[in-house]
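Order of writing sets the labels: A, B, C, D and E. Residues in every chain begin at 1.
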Amino acid sequence: MPLLEAQGISKVFGKLTALDGAALTVGENEFHGLIGPNGSGKSTLMKCVAGAEVPTTGKVSFINTDITAFTPTERARAGMSLKFQITSVLPTLTLYDNILLALQAHCSLFDLVLSRTRNKLHDQVMTMLTQFRLADRAHDAAAALSHGQQQWLEIAMALAGKPRLLLLDEPTGGMSLEERRVTGELLQPIKQHCSLVIVEHDLDFIRDICDRLTVLDQGKVLASGTVAEIQANKSVQEIYLRRA
Amino acid sequence: MASTFAAAFEIVSFGAIIVLVVLGLGIIASMMGIFNFAQGEFVLLGAYVTYLAYAHGAPVWAGMVAAPFVVGAIGFVLEALIIRRFYAAPIVAMLGTYALGLIIRESVRGLIGGFYLTVPEPIGGSIDLGSVHISAWRFTIIVITLLVMGGCYLLLARTSFGLRVRATLENPALARASGISTPLIYGATFAFGAALAGLAGALIVPVFSLFADLGIRFLIQGFVAVMVGGVGSFIGPVAGAGVIGTLSAALPWVMSPVVADVLVFVLAIAFIKFRPQGLISGKGV
Amino acid sequence: MPEQTFLDIRHLDAGYGRSQVLFDVNIGIPWRGGVAVLGRNGAGKTTLMKTIVGELTCSQGELFFDGRDITRRRTEERVRSGIGYVPQEHSVFARLSVRDNLAVGSLFNSDSSAVDRVLTIFPKLGQRLDQPAGTLSGGERKMLAIGRAMLGNPKLLLLDEPTEGVWIGVIEEITERLIELAKSISVVIVEQHLDLALRVADYAYVLDRGRVALQGGASEVRSDPELLRYLAP
Amino acid sequence: MRSWRAATVSLIPRNAERSMVGAREAVARVGEEPDVVTGEGAPAASAPAGRASAGWKVLPIVEGLVLLIALVLPWVLQDYLTVFATRVVILALFALSFDLVWGYAGIMSFGQALFFGAAGYGVALMARDLNVTSILLVLPAGTLIGLTASLLLGGFLLLGRYPSSVIFVSLGTLTGSYAADRLARGWYYLGGQNGIPSIPPLTLGSYEFEEGPIYYYMVLGILVVVYLLCRFLVRSQFGLALAGLRENEQRIAFFGYKAQHLKAIIFAVGGTIAGLAGSLYAFHEGFVWPNMLGVVFSTQVVLYVLFGGSGTLIGAVIGTVIIEGVSFWLSDNYRDVWPIILGALLLLVIMFRPLGLISFVLGERERVGSFGKAPKETGNAAP
Amino acid sequence: TGALATGVGSWVVRPDWANAAEGPIKVGIATDLTGPIAYAGNADANVAKMVIKEINAGGGLLGRPLELYIEDTASNESVAVGNVRKLIQRDKVDMVLGGITSSMRNAIKDPIVARGKTLYIYPQLYEGKECTPYLFCTGPTPAQQCDTFIPWLIKNGGKKFALPSANYVWPHTLNVYARKVIESNGGEVVFEEYYPLDQVDFSATVNRVISNKVDVVFNTVIPPGVGPFFKQLYEAGFLKNGGRLACVYYDENTLNINQANEIEGLASCLDYFKVLTKEDPFDAKLQAAYEKDFPGNFLFAAGSAATGTYRGLKLWEAAVKEAGKVDRDSVAAALDHAKIAEGPGGPAEMVPGKRHCKMKMYTAVAKGGNYEIVARSDGLVDPKEC
C-alpha cells in the first residue's frame, strides 16, 4: 500500500482545466519527482494533495485514509508538510521563531501555554538552523533574508514537523548549482523516515535525488516511472524539445 | 399601483443617495486599501461648501458645482501631507483618518455652531404624476448618481489613468519600476475619492440639512456596503451600496423600523459570512 | 571594466535601514551587450538591482546613466529614461489581468504592435489574457514579467533571475531573445544558470558579501578557479 | 482590481500591521500567490534590529516605571482625581483585552465594547433586580458574561470552513456591538436609552467600596494580576503561535495548528478580561448606558491601544492613561476646541509614530518579541 | 462683573467681590458645551452666567457672593460623570443644575444626589417619572405639554393622529400620555411608530401618513431625522392637503432645520416663545438682557432648557433666601414650595411634595419661519408628576 495515492484529480478554474484526471502515487520512503512544462498543473496538484486547493473531482488517500475532505490542518497533523512555490515565511518573526513555530505545531495547548517544550526544542531549532547555514542569522527577522535564504528557511520549516510526506514545490528556485547540491545533500538523510514529492525544473537535480518521476503535461499524466524509464520515454523527450 | 410606484421611487432614491456617498469611499477602499474614516467629513465639507455659497448669496447650484473641486483639492493636500504616510499600515491609517475626521467635524461644528441649517434645493418641489408626488430633487439625485457612476466606470476601466491607478495601488514598487509616478497617482486617486464625497455632500444637503454629524451618519452603512459588495473593485462597493441603501429604505415598509435597522446589519454580516468575497467577485473593474 | 560605460556605478554603498549590504561596489555597464551579476545566496545581487532602479537609495556613491547623474532620481524617472527591470519577486501585478499587465508595460510605448510581439515570444500568455496574473503558474508569471519589462523599450534591461521556475524549453527561448536583445541594448542579468548567464553576457561580475569579488570577460570568469569558491554556500 | 478572489494571500505587511484589505485573503487559500506587496512606505522590518540585542531590555523598565507611578498616585492626587484615576485603570484593563486580541493575535475586534458593556449590564441587573453587590459574586459573573458573549460571537465569526478575513471580523464585531447597543436602547427592561442608573456600591461582606484610594488599589491590583497573566501568556510558546496567527494564519494552518481554534480561544480570553473590566466599570461609575456596548467605546479602546502601541501590553496601558488624561486636561482648559486639539494630537502621534508612543523607546525587534530561549549571541545584520 | 478664569479646573466665574466671613456660595452647571447638542448646552451656560451675575450685582445671596462652576458633559455620559465628580468632590458646589437629555440626567444624578449628597436641578422638558429625592425638575412635563395642546390640535387639525417617534424613552413615555389625551378628546391614533434615532429616510412612514389620510402628525422624531422627515412629508403633499404638523420640542432653534414653507403651520406647545416679548415686558427685558450679553447663535429658547435653567436658578435663589442657609436639606425643604413671580413666560411655582414645577404654557404655530401664539393656558398648568 503506497503512502500517498491521489487518483483522478481534476481541477477546473473557470474555463481552464488545470488538472485533468491526474494521479500521483508515492510509496514509503520514496523520493518522487514531479516535472512538466510551465502551467502543466504541478503546483495545482501539490496544492490539491496538501489541501490548499479543493479538487473538482478526485480522491486523495494518505496512509490508508481517505483525506479528500480533510482541511490543511488535519492533513498536516496526519503527517504532511508543504513548501509553497512562492515563499511564505513569517516575515517579522526571527528565523529561530519561524522554525520553533513549525516544530511546536504538534504540541498540546497545555504545553504551549506553559512553554514546556521550549528547552527541548531549542537544540532541534539550532540544529536545523546550522544545517541550513542560517545559524548566524538566527535572531534576524525572516524578512531580512534574501530570496534564496528564504527558500532554505522554508525547507527547514517544512522539515521541522517531522512529516511522513514532504511536498516541495520548486525548493531550489534562485539557488546556484552549488547550493542545489547542498540542498540535495540536506534532503538525503530524511529518506529514512519520510517520503518526498518534489517539483523541479532542473533535471540534473531531479535525477540525482529522485527514485521515481511523474511527468505532467496540460493537466494529464504523461508518464510515470523510474528515472530511467522516464528518460527513455519518447513522448517525454518530445515535450522537452517543445517550446513554450 | 400608484403607491407601489411611489414606494419604488422612494426606495430607489435612497439607494441612489447611499451609492453616491459610498462611491468615493469605495474607490479609496478598493483602490488604496484604506478605510477612510474621514470620508464622512468630506461629505460634510461638500455640504458645508454648498451652504457657504448659498449663505453668501450665490446660487445653490454654483455651490454644488464648486463643492467637489474644493473638497477634491482639500483631499489632494491632505493626502500629500498626511495620508501618504499610512499606506503601509492600513489599520493605523484607519486611526489616522479617524483623527482627521474628528478634527474636520469638530471644526465644522464650531463654524456652524452645532445647528441644523437648511439649504434649499436648486430644483425644488415635486413632480406630480396623478395622485403621486415624487420629489423633483430626489429624482435629480438619481439621475446624477447614474451619470457619475457611469463616468467613474469609464474613467477607471477605459482610460490609461485607471490602469495606472490600479497598477499603483496593487504594487507600488513595481508600478514605479514600470515608470508610473506613484505619488501623483495616490494623490489623484485620493482627491478623486474626496471629490466624489464632496459632490455627494453637496447634493444631499438640501435633503438632510447641514449639521456636523451629517457625514458620519452614513459611515458605518458605507463600510458595510463596501464589504457586502466586495473590496477590490469599483463595481463591488457600488453594488453593495445599492443593496444596502434600498434594503434599509425598503425594510421599514414591511416591519418595525427599529428592527429593520438592526436587521440590515445582521443580514449583511450573515451574507458576508457565507459569501466572503462579496456580491461582485472576479468580474468587472 | 568595459570601456564605454552606459551605466556607471561608483563606490556604491547600500542596504536596508541600518544594515548595510553593498560595500563600495564599482560596476560599469556598456552601451550594448550582456553583463552577468553572479553570487551566492544573499550576496547582494537583488540589492544591487534595486539600488540601480532606485527602489533603495544608496548611502554612498554615485550612479551615472547615459552620462547623467541619476543618484537622486526617483525610480519612475529612471525607468522612463530607459531602464527596464524584472524583479525577482512580486514581478507582476497580481490582481490585474495579463492583458492589463502588458498594458502597464506599454504605457510609455506608442508602438501598438509591441504587445503582439511579446505574445509571439510567449504564446502561453496569449491563452491567459483575461486571467488575473496572480493565478498564473510560476513560470507563466516570469514570462509575463519579462514581457512587461520588454514592452517599455528599455535601453538597459535588468533581469533578476528571469528563468527561475521556467521550463527548459522556454529558458532556451528566453536565452536566445536575450542574446538577440543584447546586440542592440544592454542587458544585466542575475542568473543561477551559470552557462546561460555567460552565454548572454560578455562580461561578468561576481559579488561576495556585498563586494565585487571577481570581474572580467565571460570566458575569463568562467574559467577562473576562484569562481566556484564564491558561488558555493 | 479585477477579481479579488484571485488576489489571495498577501504577505502580511512586514511591520505586522495587517491590511484590512490584505484581508482580501478571505477566500483565497495559501500559496496561490502572495504577490500583494505591502505599500508605499519603507518596510519597517528594515528598521534597526540591533537595539534589542544590546542586552538591555527596555520593556521591563517601562513596565516597572508605570507600576511605580501607579502605586504612588493616590498620595499625590486630590480625591476626585483618584476617582478619575480609578476609572482610567479600569479602562486600561479593558484596553489590555483589546491588545491581546489585536496586538498579539491580529484579530481586529472592533466590537470589544460588546463584552465590556454586556458584563456591565449583566452586573447592573444583578444589583438592581437581585441585590447582588458582593464583589465575590459580581466579578466572577462579569467575567463569565464576557466569556460567554465572546465565545458565542467568536464562534460565529471565527470558526467555519474558510478562514475569516480581518475585515470580516472587524466588521462582524462592530456590527455585533452596534446591534447590542441598539438592542439596549430599544429594550425597556434594560432602561432603554437611559440605561440603568444608581447602581449601589460594590461590597465585600459589610464593607462598601466607595470610590477613592481603596477602590483604586483594588482595581490596580486586579490590573497588575491580569497584566502579569497576559504577559506570561504572550511570551509563552502559545504567544509564538499567536504571533504566527497574526502574521499569516493560513501558513500556520499548514503546520498543523488549529488556527481557528487558537483565534477563538484568544478572542474568548480577551472577552473575559473585557467582561471583568466592564463589571468593575459599572460599579465604579454607578450606572450603565447603551454607549458602553456600542461603537463609541469600541472605537475608543482601539484608539487607546494603537496610540500607546499595540502588541506590547504596556502600550495599551500607557495609551489609555495618556488619552484619558489629556482629554481630561484639555476639556478643562480648552473647552470649546478640545476635541479638535485631541484629534490633532492623535494625528501627529500616528503620523510620526505609527507604532504608537511606546515605539519612542522600544525597538522593532523587542516589540515583536522572540520566543525561543534567550539568544546567546547577538544576531548581526550584514554577513 | 464676574471674571472668567480658567484655573486648574473647570470654568469658574468668580464674583468681583468676596465675603470674607463665609466665602462664596458655589453653583455648579453641568451641561453639554460640546457635542451634537452643544447649542443648547451653551445657551444654558449663558443663562446661568446671566442669572448669577444679576444676583451678585444685587448683593448676592444671604450676603454671600455666588461663584459659578461650569463643567462640560460633552454629550458623553462617561465624560460627564467624571466632570460632575469634579464639581462635587473638588469644587464642592452647593447645588448642581444641568443635564439636557434624559440619559445624561440618569448618568449624573447618582454621582450628584446619592453618592455626592448634593442638590440637583434638571431644567429640560422631559418625559416625567423622575421622582428621586433632592432632584428637582423645572422644565415642562408631558401633562403640561399635552393637556391644552392636544384639544387645540383636534380642533385645528383633525381627529386622526399619527405618532412617528424616535426610539427612546422620552417619545415612548410622552406618547403614552398623548394617546390618552387624544383618545379622551375623541381623537384617534392611526399609528404610533418608532425609528432609530439617526434614521434619515422616512419614505415608508410618509406613505403611511398619506395613505391613511392622517390629519395631525404629532412628531417626536428628533434631529437629524426630523428635517428630512418634514421635507418628505411636504413633498408628498401632506401640508397641501391640509395636514397639520405638531412637535412639542420645536422652538426657535429648530425652525431653521427646514425651509419655512416645508413646516408652514407647524404647531408647538412650550413654556416660552420669543414672540412673547411683544406682549410681556418681563420677557422683553429678559430676552434683551440675554441678547446683550450673549449675541450670537446660542438662542434663549425653551426647547434647549434655557427657560428651565433660568427658572431653576431663580427658584433655588428663592429657596436659599427662605432657608437662610445652603445645606442640602434646608434648601430642599424650601425649594419644595418655592415660587417666583416673574420668569420666562410668566410666574412659576414648585408643586409641594412633587419636586416639579407649575408654569404657563403656550401654543404657537409657525408662519413664514416665525411663531405666532395661537393659544395659552389659563393660569399655571400642573405637571402631574410624582
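Things worth noting here:
The rule is short, and it goes like this: a residue touches a chain if its C-beta (ideal position, glycine included) is under 8 Å from a C-beta of that chain, and two chains touch if they have at least 3 such contacts.
Going by UniProt, the chains are A, C = ATP-binding cassette domain-containing protein; B, D = Branched-chain amino acid ABC transporter permease.
The shown structure was predicted, so the numbers you read here are calculated from the model rather than taken from an experiment.
Listed by label, the chains touching chain B and chain E alike are D.
For the pairs D-E and B-D, the larger set of C-beta contacts lies at B-D. For the pair chain B and chain D, the distance between C-alpha centroids works out to 30 Å.
Per-chain Cα centroids separate chain A from chain E by 74 Å. Inter-chain spacing, taken between the CA centroids of chain A and chain D, is 38 Å.
Taken residue by residue, chain A touches two or more other chains at 43, 85-86, 144, whereas all remaining positions touch fewer. Chain D has residues 1-4, 6-7, 15, 32-33, 35-37, 42-43, 46, 49, 182, 186, 336, 339, 381, 383 in contact with two or more other chains. Counting partner chains per residue, chain E has residues 34, 167, 194, 196 touching two or more of them.
Against chain D, in their complex, chain B makes its touches with residues 29-31, 33-35, 82, 84-92, 94-96, 98-103, 106-107, 110, 156, 166, 169-174, 182, 186, 220, 223-224, 227, 230-234, 258, 261-262, 265-266, 268-269, 272-273, 276-277, 281-285. Chain contact summary for the complex, chain A toward chain D: residues 43, 47, 50, 52-53, 71-73, 76-77, 81-82, 84-86, 88, 90-94, 96-97, 100-102, 104-107, 109, 111-115, 117-119, 122, 125, 136-141, 143-144, 157, 161, 169.
By the touch criterion given at the top, residues 34-39, 42, 167, 193-196, 198-201, 203-207, 211, 223-224, 227-228, 231-232, 235-237, 253-254, 256-259, 296-298 of chain E touch chain B in their complex.
Looking at the complex, you find that chain B touches chain C at residues 160, 163-164, 166-167, 170-171, 173-182, 232. Chain contact summary for the complex, chain D toward chain B: residues 1-7, 13, 15, 17-24, 26-27, 35-44, 108, 156-157, 160, 162, 164-165, 167-168, 171-172, 174-176, 178-179, 182-183, 186, 295, 299, 302-303, 306-307, 336-337, 339-340, 342-344, 346-347, 350-351, 354.
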